[in-house]
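Both complexes shown next keep chain A, but they swap its partner, so chain B is in the first and chain C is in the second.
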Partner chain A sequence: MTSSLVRQALILAALALLPGVGEAIYFRHKISWQSAIPPSELVTVAQAHAWGENVIWVDARPDEEFAHDHVPGALSLNEDRWNELLPQFLAVWSPGRKIVVYCSSLSCNASLEIAVRLRKEAQLPDVFVLEGGWEAWLKRK
Partner chain B sequence: MSGPSTLNVQLSTRPQFPWRIVDVIVAGIFIYAGAIKTLDPVQFASDIDNYKIVPWPVSVVLAFYLPWLEIFCGFALVVRLLYRGALSISTALILTFTFATVAAKVRGLDITCGCFGHASQHWSFPAHLATNLGILAALLALWVSNRSAKPL
Partner chain C sequence: MKTHILAFILSIIVCFGARAELKWDKTEVELHPTPADKQAVGHFTYQNTGKEPIHFKSVHASCGCTTAQTQKDQVPPGDKGEITATFTIGDRTGTQVKTVTVETDDPANPKTVLTLRTIIPQQLEITPTFVFWKQGEKPDPKTITVKVGKEFTVNHIKVTSSSPDFQTKVEEAGKGEFKIDVQPKETNNLVASTLTIQPEDSQKVFYATARITNAPTVQ
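Moving on to the complex of A and B:
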C-alpha cells in the first residue's frame, strides 16, 4: 500500500512538472532568476543620495512607524491607506523626479508592493525600491 | 423491490456521500489556489521569497511548479484517480505552508501569505493559520475515511 501511495504521488508530481516547465518557458522574459527585484529597479542609499533633490522618498511602512520617524521629506504611502494617500503623493510628484520607496528592512515586501502599484496603477516611471529599507537608511545615517 | 445485493450497495455507498462532499470542497480549494497562482507566477515567487526560507531561484522554481501540483492534486481528489497520492501530497503541502507561516510569524516577518493570490493579500496571521488548519483537518478526515473505503 505504501509503495502504491508513493507511486501515485510520484506520478502526480511528474504530471505537474510538464505545465510548470511550459509556464516557466512562457514567462522566461518576465521574471529574473537572480533577484526578486530586478537590479534596474533597486537603488542603494548612496545612489539615492546622489540624486539629491530630484528624489521623492516614499515610506511604505504602517502609519505608526512613519509617525515615529522617517526619511526627511518622505511621504507616507502604504497599502492600508493607498486610496487616501495616493492623491497627496500625486500632488507632489512631477515628471522627471525619481521615486524611491522603502519599508522596514530587507525582509519586508511593502516597498516592493507599493512600487509595483505606482508603476502599474498610477503608471509612474522611475520608481525604485531602496535596498535594505529604513534599516539601511539608519545605518548610513 | 430491493434485493439484498442492492441493499448492500446502498449501505456501502451511503457513508461515502459526506466524504465525497469533503473531497470536492478540499479539491476546489486546491484547484482555486493553484489556478489563481498560475496567473501571476512572478507575484507568487515574490510571496515565497518573502518567507526567507529558500533562495530566490528556488522561489521561482516553486512558483512555477507548486500551483500545478495543487491543481493536479485537486483534480485527482475529485475524480478519485491516484487518490492516496493526491491526499499525501496535499497533506504535505498544507503542513509545509503551515510550518512556513508559523516560522515567518516567529521571526517577525511582516508578509502576505500568497496562498490565494490577491484574495489573501490582507489576511491576518490567525485567519491564515485557521484556514490552513481547517484544510489540514479536512485532509486528515479524508485519510481516516479512506482507510476503510476503497477508492471508486
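Moving on to the complex of A and C:
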C-alpha cells in the first residue's frame, strides 16, 4: 500500500516536472536571472545623492520623456541615438566620476542596457544603475 | 493506480481545453533585419476558438522602442486576426528581446506575453569605443580593436579623425580583425576627436571617441 502511494507520488511529481523542463528549454534565452542586476551595480537614490557633484546622471529614457522632465543636470543617452549622444556624454566624463544610469521605473531595462554598453564598449568604470529609476527619484522629492 | 493517473491526465486536458479560447499561432517571433533596416516588424496571429467574443483590454510594449497595434478591439468566435509589433532598431546592437503584454476579457487566459526577438547584425564590433589620456600623460598610442561580424566580409576599413590633434593608423590583424592605433600629438590641452570608422564599400559608419581628460575629481 505504502509503496504504491510512493510510486504514485513519484509519477505525479515527474509529470509535474515535465512542463517546467519544457518551459526551461523553450524560454532558455530569457531566463529571468540572466537580466538581473548584481547588487554591486545597483544604487539607491540616497546613495547616489550622497556622492554629490561626483556623479554624472544619465537618462536612458526616450528623448520625449527626457525633454518632459529629468534629474537636474542629467545627460540624455539612449539606444535610439547612441552614436550621436555618446560623444556628448564622453565630453563631460572624467576619470574618478561615478555614472548613475536611470530609466522609467523598476521594471524598465533601458538603464541596464546603457550601463552594459558603457562598461563593455566604452570600457568605463564606476557605472551604476539607479534602483527604481525615475519613479524612485520622484518619490524621493 | 491506473485510474488515478488517467484521471490526472484527463483533468489536465480538460483544463487546457477550457481556457484555449484566444489561440495564438506563436507567442514568440524571431526577426533578422538587414543592416540597412530601421525597423523590425513581427506579426502575432490568433484565432478565437471559443464560443464567446473576446475583447482586448490593453496591449502594452515593454519598451518605448516597441509599438504594438491590434487590428480590432473585439474578436468574434471563430475570427482570426493579428497583433503587429514594430521594434525601432535605432543604434541598438546584438540580440534584443522585447515583449508585448496583451490583456483580454477571456477569463481563462486574461494575459498573454508576446516576445519579439530581434537579432541585429553587427558588421563591426569596436572595443573600446573610447580612448582617453589624462592631461599631462605621456602621449603613447592606444589601440582600438575592430572585429568584423561573422556574416560579413570587410577587407579594409577607413578611419578619419575629426581633429588634427589625434593621429590614427590602421593595421590589418588578420582573421577579420583590425587594430587602430590612436595617438594624440600632445596631452596638455583638453581636446577631443570623433573617429569615423567606415568599412570599404559600405555606407554604414561607426564611431569611436578619443579625448584628453582633466585630472580626476576629488572623491
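Throughout what follows, the second predicted complex is superposed on the first by the 106 of 141 C-alpha atoms of A that agree within 3 Å, B and C clash if a C-alpha of one lies under 4 Å from a C-alpha of the other, contacts with A are read in each partner's own complex, and residues count from 1 in each chain.
One rule holds for everything that comes next: a residue touches a chain if its C-beta (ideal position, glycine included) is under 8 Å from a C-beta of that chain, and two chains touch if they have at least 3 such contacts.
Worth saying up front: this structure is predicted, and the values here are computed from it rather than measured.
Contacts of A:Ala9 after superposition on the shared chain: chain B is touched, whereas chain C is not. Look at A:Trp93: by the touch rule set out above, it reaches chain C but stays clear of chain B. In the superposition on chain A, A:Cys108 makes contact with both chain B and chain C.
In the overlay built on the shared chain, the residue A:Leu17 is in contact with chain B alone; chain C does not reach it. In the superposition on chain A, contact of A:Asp69 is made with neither chain B nor chain C. Taken together, the two structures place residues 4, 7-8, 11-12, 15, 30, 79, 108-110 of chain A in contact with chain B in one case and with chain C in the other. If you check the complex, the residues on chain A that touch chain B are 1, 4-13, 15-17, 19-21, 23-24, 27, 30-31, 33-36, 79, 104, 107-110, 112-113. For chain C in complex with chain A, the touching residues are 1, 4-5, 8-9, 62-65, 88, 90-92, 95, 97, 115, 117, 126-130, 132, 134, 192, 194, 206-207, 209, 211, 213-219. Chain A contributes residues 4, 7-8, 11-12, 15, 29-30, 53-54, 61-62, 65, 78-84, 86-87, 90-91, 93-97, 108-110, 120-124 to its touches with chain C in the complex.
Listed in rising order, the residues of chain B touching chain A in the complex are 38, 41-42, 45-46, 49-50, 52, 56-57, 59-61, 64-65, 67-69, 71-73, 76, 82-86, 88-89, 109-112, 121-122.
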